[in-house]
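Note that the chains are named A, B and C in the order they appear, and that numbering of residues resets to 1 at the start of each chain.
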Amino acid sequence: MSAAGPPQGARPPGRVRRAATLGGEPSTRTRTMAPGNIAVWTLLLLGGIVMVMPFVYMLAASFKFNHEIYELSLLPREATLDNYRRLFERSGFPRWFGNSLLIATVTTASVLFFDSLVGYTLAKFRFRGRYLVFIAILSTLMIPTEMLVLPWYSMARNFGWLDTYWGVAFPGLMTGFGTFLMKQFFEGIPDDLLDAGRLDGLNEFQVWWQVALPLVTPALSALAIFTFLGNWTAFLWPLIAITDRNLYTLPVGLASFSGEFQTEWEMVMTGASVATIPTILVFLLLQRYIIRGISLAGLKA
Amino acid sequence: MIRRLEDMTLGQRRAIWAWGFLALPVVFYVSIRFYPTLEAFRASFTNWNIVGRMEYIGVANYVRLAHDPAFWKVIGNTFTYLGLGVPISMLLSFVIAYHLDRVRFGHGLLRALYFIPHLTTAVAMAWVWRWFYQPPPIGAFNVWLTTLGFGQMPFLRSTTQALPAVLAPAIWAGIGFQIVIFLAGLKAIPRTYYEAAAIDGAGAWRVLFEVTLPLLRPTIVFLVVTSSIAYLRIFDYVYAMTNGQGGPLDTTKPLVLKIFETAFTHFEMGYAATQTIVLFVILLAISLLQLKLLRSR
Amino acid sequence: MAMKAGKMGFWLGAILAALLATGTARAQVEIEYWQYTFAQRVQAIDELIKRFEAANPGIKVKHTHVPYDDFRVKIAAAIPAGQGPDVVQLFYGWLQDYLKAGLLQPLPASDFSAVEIEREFFPIVQQMKVDGKYYAVPTAVRSLALFWNKALFKEAGLDPNRPPATLDELVDYASKLTKRSPNGDLLQEGLTIDMGGQDHHWLREVLIRQYGGVPYSADKKSVAYNTDAGVAATQWYIDLVSKQKVGQIGFLTDGVTAFRSGKAGMTIDGSFRLGALDNQKGLDYGVAELPARNNIKSNFASYWVNGITTKATGAKLDASVKFLRFLTTPEAMELWLTTVGELPARRSVAEKDANKNHVKYGPFIRGLSYSYATDFVNESAQRKVMMDMVDKVVLKNMPTKQAVAEAAVEEQKLLDGFYKK
């Protein structure tokens, strides 16, 4: 059973989409671009441009020299790649980037595996204490990291995890957010499909892995990008867990442009611009899936 | 799904699998989240200040908190962030998602434009927004306001405007997430419902309120709960836009900033732990309340 | 208590591990030095470590630097856990916090005699003495001065080589340097107004004294600026914004940015600003001693000190002491001056003619001889009290007298909270 569904755009009009597989692109509820729709489209475009303006300003600032950075004009009078050169030649930036990439990728993989497993269990199994476990996991979202970092530090120190990749990654390997999200999605899968798998002789793990999981790949994509993004920008814990500059993640490294009395804003802008690139790439790659399937959450109350 | 006696053993078997799947995660959550929380809870009854000296002082921290006017101000701010942030962001993101859903041409590009703010870092964006808020002739917002004939606004330099001014970039950055989730939810609604409504001759507004919104309920629940938690925990943008002060005159300071300040500037870990427990209780209560209200009916 | 025992055990374990790790007993001692990340400081320490290790072959110094914003967080997390530095650089204003938290040990009197310190170093360093023992010593100190933009002076018809010498002249020049658009928008400010920057030091240790008052009592435990003098000084400062309108709070975000972008005629800032201003293309600036009033001159000095943490014991302690001594030699201070731009903490070095009459360092060094370093119990909180005080008057039209009174109460609470514990 494949979840690929009909190829994009090849939806025969008037056919009800199957719950389990959903086409990706914009709904066909609007048939043509009526004048009213053109107005809406224009407004949406303007809105989108407004949304992106601050980001554009940040990019623009990264191409400006220090003395121009305080001007709000978009185009620099004297454009320069000097900031980028300094960023890459300055000890560490490529390494920070690599560290962040490694940790974010591994963490995302772990979250995808465990959160979907737990979410599935909470959605599709009936057992005593189910709601309690769900609320307990959900409640973990409410504890601010600021308070947990010191106990985590003691734990990491006791086990020798400081200044290691594991030490940075361990608190984020499973999340309440992802579990909540996956639970909502899994609830939308009809039990018949799962029973069919059981009748075929699959054990519960295989039912999850081979039957249920493929049905929520789009949701997994959504979770992947949100987890990756959260991890990519995490600051407080990596700062505390790592002292070895070779192991800095990107945000910690970028923070070193902030001094006691001054911040080299042009470097911060440049660093932030470069840091956004992978997340934009990941989003562009996965955005089809994200929209295509998250709707599983909308199906079952 | 009601199962009877003959399925009990099946159910028991299933339960074993369930706990099998949950075993490692439960251990993880207990040791990484719950145990430290208990530690924090314990610390809230002490006067611990970083090193060794941890004496139990009973509920003194809680009493001190209750009598601290700065704390109540911070609570007020936090709930204001919630009360303004959630409705505004939900409304905006829904309207945008609703219309964006109907667009075919350039849909991907538009969607990306609205999502990009969500990918940016607060520190860098706060710097840009602070510039936007400057008085004329430097601040873009004030330049537009004065060109359109309105007076200029102090924004960050006003005790009344500062909080909304700091909230705006937070909403701006968060909307992308909500739009994407709404888009997915809208996509999930089978066309049959709309076709049936069309046959009934229902107008756009009726369709919206009687078909779309009810079917979007789980999505709305998810977004309201997660957004509420996010706005109650707001920190990055406030810190970046007010130099960590939460000013002017504490008018923008949320609870998490106060916790951060208490823990890492004053090093009063016990007192900070107390505030964390309060935050936790608030978050839990609001979430349970919302889940209950939004699920019943 | 279980925690203390655990800590003890950890230290013993750490020392044992260190000994084992180094192979033969005491062949190599490694100590850790921590400071905050700043290019020139890192450079200076790296060079100093190189020289130190060459002169002391049995000792290795591991240099760790941490981003400034979370320097304190990391230290707070590391030291009680038995990690972190043996020798640490801290802001002098944090000394009390660190002592309270048990992070520092007193410097051995044999190597750091009070007599020698008091003879050699600037008087402000004496604050590092608590209960007769010194806990830290600085390599360098900083003070405040008046920076002015020569190009803007010329444009306003002022002599670019003659900065204001009195507070009255300061206001006069500032008025001439303030530019507004036809509808009253500020285009250029005469003097930067930034309580979040160095202005609160200027108010505390300079203006208040120049108006005849003192900021704190002699025993440092009481606020003493809730007096006519204190109110008058505060009023003078606030008038800059509300009456003379020569500056605006938050203009171009902060004072440094305004001055760097050439939109402010003058600013009060510290010697640490020299590096950044030198790198600012197109900025031609001068430095002068702070303006006097009624012939009263005063200045605020601050400094980062080096202390030995409670983590250092045995061989590591000996090594740390040696390293600390090295960091405070005249040679180290000269290097620090040329690399970091901070003023030598030893009078003999600072007051060498070449330094005292230096066009940029000179005004700062001359200011050191009449500086005070405030005994902060919590610098950021106390700074916030001043920021709020001014905001109350400017944003909420509170009478200055009341704002000062409220600030005094707030700050007293901070002091009490600290001294009475």
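Everything that follows uses one rule, which is that a contact is a pair of C-beta atoms (placed from the backbone, for glycine too) under 8 Å apart; a residue touches a chain by one contact, two chains touch by 3 or more.
Note that the coordinates shown come from a computational prediction; the quantities given were computed from them, not determined experimentally.
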- Item | Pieces of the assembly after leaving out chain C, positions unchanged | one piece
- Query: Farthest from chain B in C-alpha centre terms, which chain would that be?
  - Reply: C
- Note on the structure: Distance in whole angstrom between the CA centres of chain B and chain C is 38
- Task: Give, as an integer number of Å, the spacing between the C-alpha centres of chain B and chain A.
- Result: 16
- Message: Two-or-more-chain contact residues of chain C, please, as numbers and ranges.
- Response: 70, 73, 252
- Query: Could you say which residues in chain B touch two or more other chains, in rising order?
  - Reply: 131, 138, 264
- Item | Junction residues of chain A, two or more chains touched | 150
- Query: Any idea which chain A residues touch chain B in the complex?
  - Reply: 16-17, 19, 22, 25-30, 33, 37, 40-41, 43-45, 47-49, 51-52, 54-55, 57-58, 61, 72, 114, 117-118, 120-121, 125-128, 130, 133, 135-144, 146-148, 150-152, 155, 170-171, 173-174, 176-177, 180-181, 184, 188, 191, 203-205, 208, 218, 222, 226, 229, 233, 251, 254, 265, 268-269, 272-273, 275-276, 279-280, 283-284, 287, 290-301
- Item | Contact set on chain A toward chain C in their complex | 65-67, 70-71, 149-150, 153-154, 157, 162, 236, 239-240, 243, 245, 252, 255-256, 258-262
- For the chain B and chain C complex, residues of the former touching the latter: 49-54, 130-131, 134-138, 146, 152, 156-159, 243, 245, 247-250, 264-267
- Partner chain A, residues of chain C touching it in the complex: 36-38, 64-70, 73-74, 77-78, 81-83, 252, 256-257, 260-261, 270, 272-273, 276, 279-283
- Which bits of chain B are touching chain A when the two form their complex? 1, 3, 11, 14-15, 17-19, 21-22, 24-26, 28-29, 31-37, 39-40, 96, 99-121, 123-125, 127-129, 131-132, 138, 140, 169, 172, 175-177, 180-181, 183-192, 194, 215-219, 222, 226, 229, 233, 235, 256, 259-260, 263-264, 269, 272-273, 276, 279-280, 283-284, 287-288, 295
